Every structure is written in structure tokens, then in C-alpha cells.
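These are the structures, in C-alpha cells.
Okay, so chain A shows up in both of these, paired with chain B first and chain C after.
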Partner chain A sequence: MNWVGRRLPRTEDPPLLRGEGRYVPDIALGARAVRFLRSPVASGRIVSLRAPAGLPPGALFVTAADMPEARGIRPALRRFEYRAVEQPILPRERVHFMGQPIALIAAESAELAEDLLEQVELEIEAEDPVVGLEAALAPGAPAVHALAPNNVIVEGAIRPDGFADAMAGAVHVVEFAFRSRRQNATPLEGRGGVAEYDRATGRLRLAASCQMPHMLRSGICEVLGLPEADLQVVAPDVGGGFGQKMSLFPEYPALVWLARRYRGRFAWIEDRYENLIASAHSRDQKHILRAGFNAQGQMVALEADILADIGAFSCYPTTCAVEPLMALAEYPGPYKIPSYSVRARGVLTHSCPAAPYRGVSRPVITFGIERLMDRAAAAIGLDPVEIRRRNLHDVFPAKSPTGFTLDEGSYIEALDEAARHLDIPAFREAQAEARRGGRLLGLGLAVFNERTGYGTPAFAARSMEIVPGYEVVDIAMTPTGEVEARIGASPHGQGLRTTLAQIIADRLGIDPLAVRIIHGDTDRTPYGWGTFASRSLVVGGGACQIAADRLAAKLRRGAARLLQCGEEEVVLRDGLAVTGAGASIPLREVARIVHQRSELLADEVGFNLAESGSYDPPGTFSNACHGCIVEVERETGAVRILRYLVVEDAGRIINPMIADGQVRGGVAQGIANALLEEIHYAPDGNCLSATLADYIPPTCAEIPEIEIHHLETISSATLTGAKGLGEGGTIGAPAALCNAISDALAPFGVDIAEFPATPPRILALIRGRRAVWEAA
Partner chain B sequence: MNKREVVFTVNGETRRVLVEPRRTLADTLREECGLTGTHLGCEHGVCGACTVLVDGQPTRSCLMFGVQAEGASIRTVEGLAAPDGTLNPLQRAFWENHGLQCGYCTPGFLMLATWLLERPTPLDEEELRHVLSSNLCRCTGYQNILAAVRAAARELDRWTESAPA
Partner chain C sequence: MKPAAFDYFAPRNLDEAVALLAKHGEDGRVLAGGQSLVPTMAFRMARPAVLVDINRIEGLGHLSAQEGQLRIGALARHAHFESAVTPGPLGALLARVVRHIAHPPIRMRGTFCGSLAHADPASEWCATTLALGGTLVLRSAGADTREVAARDWFQGVFTTAIRPGEMLVEVRLPVLGPEWSCGFAEFSRRAGDFALAMAVCALRLDRGLIREASIALGGLGGRPVLALEAAATLLGQVPSAEAASAAAEAAAAHCDPHSDVHAPAEYRRDLVRAMARRALAQAGVA
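Up next, the complex of A and B:
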């Protein structure tokens, strides 16, 4: 029986469907409630901070002065151009963004804590804030942190020899400057934690809505100077993360400090307002691209200047370099670009810190290069499909200009497949017909590759002080024959309990329901890196396969002894160890004997059925082509998606149902990025996007059916053949949609150079302009 | 702050609780009744994660006070499955159609869809999208949620391909 490749319903689901999931707010019942006093201004000096008069018994008021032993959060990058700005848990003197925690109140209930917050006497001398990239880089701009006098916290550049000559040799030069606006990942459950001191053992336990429990433990222990053995971090059911729950936020060390200092149980459950203004933002970028093409429409040189507004502090552990330097490293994407010159800068402003959000910079760079391709196609007189065909990698493994090895993919095949399904010639006729009736239809494509499942060497190349990458899986069969696999990845909706069980079940010849995946608990799982960057199924899955194979060997050895045959004669299937001669023994019987009749098997297998596997792959590139057809309403600027399709190549698909779910969910977030969601700041640094009525995630009325077509290129870059696909949907959608909108607006001689492409932006583009057919 | 006694039924069981008048129904259900299946996503009435049925109507329990539920009959996600945990047809359809990922929005969607499937008029595509667009899901992209409710409606003979004229 092959379990890999089957649409197995998730074992995670039944409790969640009965309302029996256990999320952090569910664990928080009965704990003392913690609320944070947050800065009302973007920049200022704390003049005085006093506790509410008449703090009721049992209530606590805590400021930086109460926790002198707590260090700040110090994300570090081993690059000389990186300014190691430190974020205090609670600030002593200055505030750097609106929403920054300043002090906390703990009380019997959240309502009471909020009442008391209003009575805190806080005096802040507000100062002129630096808001937005332009202000931060203006000559004479105030410095957000003295460590970075020009507000550049990190800078990288690649200036290859011969670039100027390559560009000078171009027949066509195409430029594209654009702006990507600020977003919030908006998991439906916000951040939150429950910290508890166990008086019996003297240990601390933090249940947190997080993606990286081990990393969170390391970060908190570093800040508070605690031994890691004394802190257990648990990620219970987690209501979405999308990158936002990777980072160490000051609220978590504060919570653990409270539990330790007051030997009690404290819970902080953030509300949506806090999540929107003070968790983590992303994608606030401005790029200027210049590309040279030869007469055949092949790109000969690409120059990029990248600016990322990273907010007021760097994030831990990835650092704020994650956006600008990923854009720098991955811009060429799926294209053959002989000469690539780039500069990328991370810029400090008085706004919420930026941190990874699904796809990180790739939705932005894919928007850039794919919009550039369409501009180039128009300038050179080529069809959008044809110009991409002429530039995509078609020989693998290929080398990117920044040194990546692109393993085997299906870049051109995916493009052709998408074009075929879209039936572009038929669409062009429909488009012309619609234009005659005054309707604006457009078609857009986005081709990209997605770097996934990368291990230690890839992260080490980023010069991070903390280098993620590998995964370790500890596997064991119990005396009653179930398999427990303890993983370092930390799923929160990705269905890994099911997919990893499918992988293990195939290697051991057992039912996936006999496999228990244990995750999200630093006491019960090996040190690992959690779930992010489309890595868990590739890296954790590879480690599961290695561990399961070792366990299988042990089981075969034991069974061979019991069945009196050679080890090589034993096959594991259907829960049995079977010999070629037809003799068999249930695996659970082997397991029972190993544990409870060890005198029979100890010589062959020892005293347990425990094994460990670790996997640290170099990384693999998935690839995809997104295609869509939109209608733009001329009177309102509204965009309606008439068709959306994805041709995805993520190698071997372990569970097609879950894979498609990842793609569709990703595309929905990409559609939000393309059309709807934007965090706004007022010029005084006040975050205006404070509710879900201001920051607008899409509903099912905005998300169309998404067609998915799979290609399965099995490359040798991963052990299971699976490549990651968690982020791809989000990466491709802004480019595909904005290309389609630009195609629709082409008769007006305008295109999209800022996203989200909201109705006001679209109306502003065409205001006062006439379509070509009206111009005469 | 003074607490008041409130009596209502939840999933058929009478509950007598003491709550502050300002405590929302959602918090009352979660904290006073221990029914944590009802989740809070925004606490300002946009996301719909906290949807429960109050006297048969889908209700954002974050926008209603616990004291307003005096005498009401409330249904929450905990009341959907059989006592032995067997999923009902709607829950099963969510499972089979992969209508959830992180599961946080799921109870709200289940209660909204429960109301939809119990109405006397059969459900069609337009009505389905219209009603379900009142709740947010951040993981699934909605397609599988719609598919799940469609499948349940078919199984329960509540589906029609087009709206009655």
C-alpha cells in the first residue's frame, strides 16, 4: 500500500471540527491577565511613567525599572554593514513606534487590566518621527537610532565586472520603478502566551502561539539569562502564522519574567488592534529596475536598486535583512540573466518592525521582474509568453547570477501549460470584442521559481548569527506497535501530522493512523527550527524518511531472528514482517518482544526501537506559472477576477488535497496583497489601519475558484522528491493580477507600478485619460 | 464591577452564570461556561470567528453582552457532534473537503453554515457565497469551505443548482 500521493483526510481535523482544539486563549483561562501599555506616539522621550493610583490587591504594574536584569533583543548578522540595533523588552527612555510596549499591568481579568491601563500616568515628549522611506533617506533626516546615522540599517550590493559593458550592448533598455505597500500577515488568531511557574520543579512553561518553539525558548533565555533546561515552550494549536509568529517579540520575555518573578501564571492574549499596529509588518518596499535586452528579446543585463522600510527595530532571529537581502539574492528568479548588478538597503523608520510574511520579498521581486517582462514585451514587440520563453532557464541544473544552483524544474513547460489552459488567442478576441463595448478585460501571467526546503548552508550564507536549517526526527515504536515521531518542525495548519505520517507509513509498511507525530513542545521534541520558508515537508519529511528507514532496518533484524531467516528476506508491509517463504509476524509482536522479552532479541536490536534521523538539504526550487483574466470597471476602478489558474511544480506531491489547499490559501493572500490589503500610516506616525474594517482581508466574495494543474518534476535535490509549496501562491498572485490589470488598462497608456492596485489607485491612473479608441 | 446573574441554555443545557454586565457573550461562553470552541478573531464584529446561534439566528458573540442572553437558547460548535464525538454531516464534509487548515475560523463557519442549512429555503451558489462572505478565513482561500457546505447541503437535500424564480 502506497500512502504517499493519496488524498488522505487530515488526522488533525476531528477535534478542531468539534471545537475541541486547544489554542493559547483556551489555555489562558484562569491565569492573571496581562495587558501592555503601548506608545501613543511614533517617536518620543518618556518623561514620566507612574502606576495607577490605588492599584487593587493582586494587580501588578511593571516597567523597565522592575526588570533590570533583562537584556534587549539583539538580532545579529555577521556583516559589517549591519547596524546591530537592540530592542528593549520595555523601554527606559525612548519610544520608537506607535504601539511599542512601554509597561504592563497584570490583573484578575483582562477587563480590569484594561481599566487600570487607562489610569497609568504616562508623559511622553513627542518628537518629529521619521515616517516612510522618502523621509528616512532625505538629506538631514533625523536618525531613528544613533547607531545608523543615515537610517540605513543594512546594505548589500553586487557590482560584477563587465556590467556596464553588458548594459551598453543592449538594444532595448526597459525601466520600471515601483512601490509595494506595507502589509500585515493577519493570522486569524493573534499572538499570545501563557507563562507559568511550576513551584514543584522550579521550571517555567510558556504556551505561545508561535511557529518556532525552540527558537523562542533560546531567544527568551538569552534575554532573561535563563538556562534553557528551565524553560519549556509549547506551541499548542496555533491559529495561523504566515511568518508573523516566527519572531521573538518583547511581550514573551516579559510574560516569562512575570511568571518567574511572581511564581504564578500569567496570560497575554493580544487583541486585533495590537496585532494590526504592533506585531510585525512587511513588504514596504520601493524598487527601481533597469534591464537591457538584445535584439532577440533576451535580457543581457539587469540592474536593481532595492529599498525596504524595516520599521523601528530588527526582528529576531532572521534580522530585518531578510527582506532587502532576499530581494537582492533572488531577483533573477527563473530567468537567464548574464549580468546582474544590485544594491539593497534596509531603512529604519518610526513604524512597526518588519518581519517575514509568507514569501517574504518574493511577491515583490516577482511583481518587479514580471511587470518588467510585460513592459519589455511591449517595447520590443513580442508576445508576453514569447519573451518569457526566450529568457527562462531550460537546462538544469542551472546557476543563478548570485550563485544558487537551480535544480531540475519545468519553467517553460509550466508557462506553456498555463498559456494553453488560458487559450490566449481566444482571449484576445474576447478582449477586442469587450473593448468595442467599452469593457476592459486583461490577461496576466507570472512565472517564478520558489526556493524551498533549504538547510544550514543556505542560511549560513546569509551570515545570520543564528543559523537555522537542519531538522532532526526521533522515531520510536512503542511496545504496542504504534510509531511516535518527534519533530522539530512546528505545524500550524499545514497538515504535517498527516503528510509526515504518510511518508513514515510507506517506509515501515504500516497504516498512517498508527503514526503519531509529536511536535510543538521543547520538552518532547528534538531541537529544531519550526515551520516557515516552505521547509517542513521537505526537511522534516526527509528526516522522517531517514529515521523511519533506520527503524525499518531494526525491525527487519528483529523479525529475521524471530522468523529464523536472513534479514534481507524480510519485507515490512501491512503491519507485518513477511518473508519470501510466506512466514510472517506482526510488527507489534516484534515491538512487544523487543521491549518486554528483551532476552530474545537484545543481541540483534538492543533494548528499544528508537532511532533518529537528521536531514540538512541544500535546497530545491519549486516553480509555477500563474495566469489570470480580470475585468476592470472603468467607473469605479474595481477589479473582478474572471479566471485564475496555477500550474505548479512542487515535485512529488505527498498529499494532493493538502498541497492544493496550500496553493489556494497562498493565492488568496496574494490576491489580498495585489488588490486589497494595506497598512496606512499618517504623517505623524500614527498607524491608521487599526481594525479589520480598515485593513481588509478578502472574503469568499473576492476569491474566485482557483484552478490548479500539477507538473511533477522529481529532482535529486530532495530525499523524498517533494519540493516546498507553502509560499508560492502568495508569490505569484500580485504579479499575475497586476499584469492582467495593466493589460486591461493598456488602451489608456498606463500600467500598474504600485500595489495593492486599489480602486482609487486605478481610477487615479486613468483619470483624465482616454482610451486609444476614444482619442481620435 | 458588580456581577449579574444570567440564565440561558447552551446546546440544550441550562446555564446559570454570574457575569459583569460588560462581559461579551463570547467571553461568557468561553470563561464562565468553559466552552472554548467559540473563538475570537477581532472582537469588533468583522471576522465572524465567534459566530454562534442565538435563538436560531447567527450572531457575532463578540458584539453581544452575556447579560443580553437572558432566557436565550444558544448553540455553539460543541453541540454539533454526537455525544460520542461522531461528526455530523456538515463537520464531516469540512473534513472530507479539507475545509480547514489552522482551524481557528472553523467553529464560526460551522455555525454560520448550520444556520444556512437549517433554513426552510434550499441553498444555491449565490446565496452560499453571499452568506459565507460574512466570515473570514486566512488559510484556505475559501474554495474548500464552499465545497464542504455544498457537499453537506447535497447530502441533506438542501441544495439547488439555481435560485427559485
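Up next, the complex of A and C:
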């Protein structure tokens, strides 16, 4: 029986659907409530900070002065041009963004803590803030941090020889400058944690809504100077993360510090206001592209200048370089680009720090290159499908201009498949017909590849001080025959408990329900990197496969002995070890004997059925083509998505239902990015998008049916044949939608160069313009 | 996002309720559906010391047409309007409008009168009551009821002609005969959001000509407004696309929209033109 490839219902779901999930707030009952005093201004000097008069007994007021031993958060990059700006847990002197925690109150209830917060005596001398990329880079701009006098915190460039000649040889030169606006990942559950001190053992325990429990432990211990063995970090049920819950935020060390100092139990449950203004933002970028094409429409040179507003501090552990330098490294994407010249800068401003969000910079670079392709197609007189076909990689493995090896993919096939499903010739007729009636229809495509499941070498190349990548899985069969797999990855909604069980079940010939995946607890799992970068199934799944194969070998050895045959004759299936001759023994019987009758098997198997597997792959590129059809309402600029389809190639699909869910959820967030969500700052640095009435994620009414077609290119780059697909949905949608909107607006001679493409922006493009048919 | 402390009362009758409001004056607030008040309390933008919960008072949920008036009691919920509450153009208009207010769970609790008391600039019921020339009926302790015409009710963002100690007990809307036709259109970013702009119109036709016309606009900031110039352009006209365009242009030209994170004023003006045209088209002016 093959479990891989089946639409197995998620074993995670029944308790969640019954309301029996256990999230941080469920665990926090009875703990003292912590609320943070947050900076009301974007930039300023703390003149005085005093506890509320009459702090009731049991309530605590804590400032930086109370925790002199705590260090700041110091993400590091081993690159000379990176400025190692440090973020204090609580600031002593200055505040750097509206919402930055300044002090905290712990009290009986959150209500009381909020009452007390209002009574804190805080005097801040506000200073002129640096708001937005343009202001930060303007000559004479004040420095957000003295360490980075020109507000550039990180800079990278690649200037290959011969670039100028390559560009000079181009027949067509196409330019595209655009703006991507700031987003918040908006997980349904915000951040939050409960920290407690165990008087019996002297240990601390933090349950946190996080993606990387081991990393969080390392980070907190570094800041507070604790031995890691004294802190247990647990990620219970986590209500979405999308990258936002990767980073070490000041609130967590503060909680652990409190629990340790006061030997108690303290909980901070973030509210939506805090999450919107002070968790992590992303994708606030501006790019300028210039591309040269030859007469056949093949790109011969690409030049990119990338700016990313990374906010007031660098995130830990990835550092704020993650956005600008990913854009730098991955811009060429699925295309053959012989000469690529680029500069990327991360820019400090007085705003909420940026951190990875599903796709990181890829939605932005895919928007850039895919809008550029459409512009080039129009300029050269090629069809959008044709120009892409002429530029996509079609021989694998291929080398990218920045040195990546692109493993086997289906770049052209995915494009052709999408084009076929969309029936572009029929659409063009419908579009022409609609235009005659004054209606604006448009079709958009986005082709991209997505670097997933990459291990240590890839991260080491980023010069990060902390290099993630590998995964270790400890697997064991219990005396009653179930398999426990302890993983370092840390799912928070992706269904890994189901998919990893499917992989293990196939290797051991058992039912997936007999496999228990243990995760999210530093006391019970091997050191690992949690969940990010579309890695868990590829890397964790590969480690599961290796560990399970080792366990299978042990089981076969034991069974062979018990069945008195050669090891190679034993096959594991249906929970049995079976010989070619038809003899069999239940695996649970083998397990019982190993543990409880070890005199029979100790020589062959030893005293347990425990094995370990680790996996550290080079990385693999999944690929996809998104296609959509939209209608733009001329009077209002509203966009209606009439059709949305995804042709995705993520190699071997372990569980198509879960894969589809990943794609759909990703596309929904991509639609949000393309059309709806935007964090606004006022010129004084006040965050204006502080409620869900102002920051507007889509509801189900805004998300259309999403058609999904899978291609399965089995790549040699991964052990299971699976590639990552966690982020792809998010990556393709802004490009596909904005290409479709641009196609709809083509008769007006305008296109989209800023997203989200909101109705006011769209109307501003066409206000006062006539369509070609009206001009004629 | 936790409210400040408050005292809570749940009176069983109206006299008790207004007595409590009289006693607590500026500190007291009516709690109706709670769909606006509770979120603003959570943000501590509202911090009433005393809440007077009117949900247990008998006889406030009425919704009946009498003597040419639809009487809407203080506990008539939005959801009650989803099927026509009265035959003819009025019930149809209200049923059309209500679908744009928030989402079903909110409509189950939020009240018509609560919307008028709250006076959000983008409240559909506020613009509708203004367009139809409704009347608001207020009670206070030991006094007769006081009536206020809709055009005198709205004073600014979240501010109305209500006085401390008063409770809004009923809103009355004129029942419209078959000679009336109405329309409503709004634009919001997502289904159920507060609108960036909306238009409501009511027109009386007599022998093919528009004899009375009222257009109200909402969502522009401040308070809902009557588009008097636009309505005036329609009087004496035969319903036509040209008449609708002229009125829509006038509505756009004379309105004074605000800018916020969702849209600049210029865009709202475009929307007023579009929504006025759509509302008029629904009312048969196309």
C-alpha cells in the first residue's frame, strides 16, 4: 500500500474542528497578564519613565533599568557592509518606531494591566522621524542609527564583466520602475507566550506561538545569558505564522526574564493592534529594472536596483538582509539571463522592523520580472506566452547567473499548460467583444521558480552568523509497535503530522495512524530549524525517510532472525514482516521481542528500535505558472477575479489535498498583496493601519475559486522527490493579477507599477484618459 | 484592547432605563447591539462609566407600519430588514440596503436605531433615513418624547442632536406609495466593509415626470448629506440616462469628501458620481 500520493485527511484537524486545539491563550489561564507600554512616537528620546503611582500589590512595572544584565538582540551577518544594529529588549534612551515596547506591566488581569499602562508617567521628546525610503535616502537625512550614517544597513552588488557590452548589444531596452507596498502577514493568532519558573527544578518553560522553538530558545538564552538546558521552549498549536513567528522579538526574553526574576508565571497575549503596528512588516520595496533584448526577444542583459525599507531594526536570526539580498540573488528566476548586474540595499527607517513573510522578496521580484516581460512583449511585438517561452530555461540542470543550480523543472510545460487551460485565443475574442461594450477584461500570467528545501550550504552562502538548514529526526518503535518520530521542524498548520506520517508509513509498511510525529518542544525533539522557506517537507521529510529506512533495516534484521531467513528476503508491509515464502510476523511482535525478550534479538538489533536520520540537501527549485482573468470596472477601478488557475510543479506530491490547501492559502495571501493589504504610515511616523478596518485582508468573498493543476517533475535534488510549495501561491499572485489588470487597462496606454493595485490607484491611472477606441 | 472598567445595568423597562440615563448623565451609555460600542470600548476610544443595556426591555423590537409611517423600535435588528418589512418601495429599499451592512452575525445583533445613534458617516441606515426624511423619537426621564427630523439629527462624525439622558426609542420612516421609486448603491473595498461612498435616492413620479427627488450621500466623512443640487436637477425631468448623468455630476461637483488611508477625496468624488448614477438607474432613471 502506498500512502504517499494519497489525499489522506489531516490527522491534525478533528481536535481543531472540535475546538479542542491548545493555543498559547488556552495554556495561559491563571498566569499574570503582561502588557507592554509601546512608544507613541516614531522617534524620540525618553526623558522620564516612572511607574504608575499606587501600583497595586502583585502588579509589577519593569523597565530597562530593571534588567541591566539583558543584552540586546544582535542579529549578525558576516559581511563587511552589514551594520550590526542592536535592538534592546526595552530601550534605555531612545525609541525607534511607533509601537516599540518601552516598559511592561504585569498584573492580575489584562484589563488591570491596561489600566495601569495608562497611568505610567512617560515623557518622550519626539524627534523628526525618517519615514519612507525616499526620506531615508535623501541627502542630509537624519540617521536612524549612528552605526549607519546614510541609513543603509546592508548593501550588496554584483557587477559582472562585460555587462555594459551585453546591454549595448541589445536591440530593445525595456525599463520598469515600481513600488511594492508594506504588508503584515496577519496570522489569525497573533504572537504570545506564557513563561513559567519551576521551583522544583529551577528550570524555565516558555510556551510561545512560534515557528522555530529551538531557535527561540537559543536566542533568548543568548540575550539573557542562560544555559539552554535551563529553558524549555514549546510551540503548542500555532494559529498561523507565515514567517512572522520566526523572529526573536523583545517580548519573549522579557517574559522569560520576568518568570525567572519573580519565580512566577507570566503571559503576554498579543492583540491585533500590537500585531499590526509592532510585530513584523514586509515587502516595502522599490525596484528599478532595465533589460536588454535581442531581435528574437531573448533577454541579453538585466540590471536591477533594489531598495528595501527594513524598518528600525534588523530581525533575528535571518537579519534584515533577507529581503534585499534574496531579491539580489534570485531576480533572474526561471529565465536564461546571460548578464545580470544588480545592486540591493536595505534601508533603515523609523518604522516597524521587517522580517520574512511567506515568499519574502519573491512576490516582489516575480512582480518585477513578469511585468517587465509583458512590457517587453508589447514593445517587441510578441505575445506574452511566446516571449516567456523564448526566455525560460529548458535544459536542466541549469545555472543561474548568481550561481544556483536549477534542478529539473517544467518551466515551459507549466506555462503551456496554463495557457491551454485559459484558452487564450478564445479569451482574446471575448476581450475584444467586451471592449466593444466598454468593459475591460484582462488576462495575466506569472511564471516563476521557487528555491525551496535548501540546507546548510545555501544558508552559509548568505553569511549568516546563525546558519540553519539541516534537519535531524529521531525515530523509534515502541514495544507496542507504534512509531514515534521526533522532528526539529515545527508545523503550525501545514499538516506535517499527516504528510511525514505518510512518508514514514510507506518506508515501514505500516499505517500512518501508527506514526506519531512529535514536534514543537525543545525537551522532546532534536535541535532543528522549525518551519520556514518551504523546507519542512523536503528537509524534514528526507530526514524522516532516512531514519525510517534505518529503522526498517533493523526491523528486517530482527524479523529475519525470528523467521529464520535471510534479511534480504524480508519485506515490510501491512504491519507485517513477510518473507518470499509467505511466512510473516507482526512488526509489533518484533518490537515487543526487541524490548522485552532482548535475549532473542540483542545480537542482531541491540536493545531498542531507535534510529536517527539527518538530511541537509542542496535545495531544489519548484516552479509554477499562475494565470488569471480579471474585469476592471471602469467607473470605480474595482477588480473582479473571473478566473484564477495555478499550474504547480512541486515534484512528488505527498498529499495532494494538503498541497492544494497550501497553494490556495498562498494565493489568497497573494491576492491580498496584489489588491488589498497595505500598511500606511503618516508623515510623522504614526502607523495608520492599526485595526482590521484599516488594514484589510481578504474575506472569503474576495477569494475566487482557485483551479489547481499539478505537474510532477521528479528531481534528483531531493530524497523523496518532493519539492517545497509552501510559498508559491503567494509568490505568483501579485504578478499574475497585476499583469491581468494591466492587460485590461492596455487600451488606455497605462499599466500597473505599484501594488497593491487598489481601486483608487487604478482609477488614478485612467482618470481623464481615453481608451484607444474612444480616441479613434 | 481591553475596555476600561464600567458599571453595567440591565433594566427591564423603559422608565428604568431613562431613569438610569438621567442619573448618570454624560457617564451613561445605552448598549444596544454592541456592534459599534463594544469595539470602541475595547480600543478605549469610548470609556463610558455606566452601560445601560436595553436588550431585556420588552416592546422595543417593534417594526410596524401605522398611519403612513414605518415605526422602527430601538431593538429592531438589522437582520429583520432582510426580507421586506412593509410592502411597496420602502420595504424593498430597506431589504436592498441591509445587505450592505456588515456581515450576517453582526446583522443579527446590530440595531437600526443603534446605527442612527452611533452616526457613523458611512452608515447605510443614516444615509437612508436622511434621504427619506425620517423622524427620530427620543425619550428622557420625566419628559415627553421629543422628535427630531433626520436633517437636524446628524451633526458630525459620531455626533448627533441627542441630549444627555435621552434614549432613542424609535425611528419613523414614511411609507412610500407606488408612485415612488428608490435606489441604493455603495462601493466598499471588501464585502461587508463600511463604504467609501454611497448614494440613496427616492423619487416620486407623476405622469412620467419626476416631481419629488431626494438623494443622500454617505461615506464621505463628517456626516451623511443631502445632495440638494443633484436632486434639484431632476425635478420636472423625464427619467433618462442624461438626467441621471446630470444629477450624478451635480452630486459629485457639490460634495465635500474626505481623504483617508482607503481613498483620497478625489477618488471618493468619482465614486459619488458612479454611485449616484447607479442608485438613480435602480430607481428607473437610466
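The rule is simple: the second predicted complex is superposed on the first by the 775 of 776 C-alpha atoms of A that agree within 3 Å, B and C clash if a C-alpha of one lies under 4 Å from a C-alpha of the other, contacts with A are read in each partner's own complex, and residues count from 1 in each chain.
Just so we're on the same page, contacts are C-beta pairs under 8 Å (C-beta built on N, C-alpha and C of every residue); 3 or more make two chains touch, one makes a residue touch a chain.
The structure presented is a predicted model; accordingly, all values stated were derived computationally and were not measured.
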Report task. Label the relationship between chain B and chain C on chain A in the superposed model as either fit or clash. Result -> fit
Requested in this report: Using the superposition on chain A described above, determine whether A:L29 touches chain B (first), chain C (second), both, or neither.
Outcome: first
Query raised in the report: With the two structures laid over each other on chain A, which partner does A:T699 touch: chain B (first), chain C (second), both, or neither?
Result: both
Query raised in the report: Is A:T480 contacted by the first partner chain B, the second partner chain C, both or neither?
Result: neither
Query - Which superposed partner A:S716 touches (first chain B, second chain C, both, neither) - result: neither
Report task. Using the superposition on chain A described above, determine whether A:H492 touches chain B (first), chain C (second), both, or neither. Result -> first
Query - Partner contacting more residues of chain A (chain B vs chain C) - result: B
Query raised in the report: A:A668 contacts which: chain B (first), chain C (second), both, neither?
Result: first
Query raised in the report: Between chain B (first) and chain C (second), which, if any, makes contact with A:E635: first, second, both or neither?
Result: second
**Report entry** chain A-centred angle between chain C and chain B, computed on Cα centres after superposition, in steps of 10 °
**Finding:** 40
Report task. Kindly classify A:D271 by the partners it touches after superposition: chain B alone (first), chain C alone (second), both, or neither? Result -> both
Report task. May I ask you to decide whether A:T201 touches chain B, chain C, both, or neither, giving the answer as first, second, both or neither? Result -> neither
Query raised in the report: Taking the superposed arrangement, what is the smallest distance in Å from a C-alpha atom of chain B to one of chain C?
Result: 5
Query raised in the report: Intersection of chain A residues contacting chain B with those contacting chain C?
Result: 111, 271-272, 691, 693, 699, 701
Requested in this report: Enumerate the contact residues on chain A facing chain C in the complex.
Outcome: 109-111, 114-115, 118, 271-273, 635-638, 676, 678, 680, 688-689, 691, 693-694, 696, 698-699, 701-702, 758-760, 763-764, 767
**Report entry** List of chain C residues in touch with chain A within their complex
**Finding:** 1-5, 43-44, 187, 189-194, 261-264, 266-267, 270-271, 273-274, 277
Query - In the complex, chain B residues that touch chain A - result: 1, 20, 22-23, 30-31, 34-44, 46-47, 49, 76-78, 80-81, 85, 87, 91, 94-96, 98, 100-107, 110, 129-130, 132-146
Report summary line: Note: in the complex, chain A contacts chain B through residues 9-10, 12-14, 16-23, 25-26, 29, 111, 186-189, 237-240, 242, 271-272, 492-495, 657-658, 660-661, 664-669, 691-693, 697, 699-701, 703, 705-706, 729
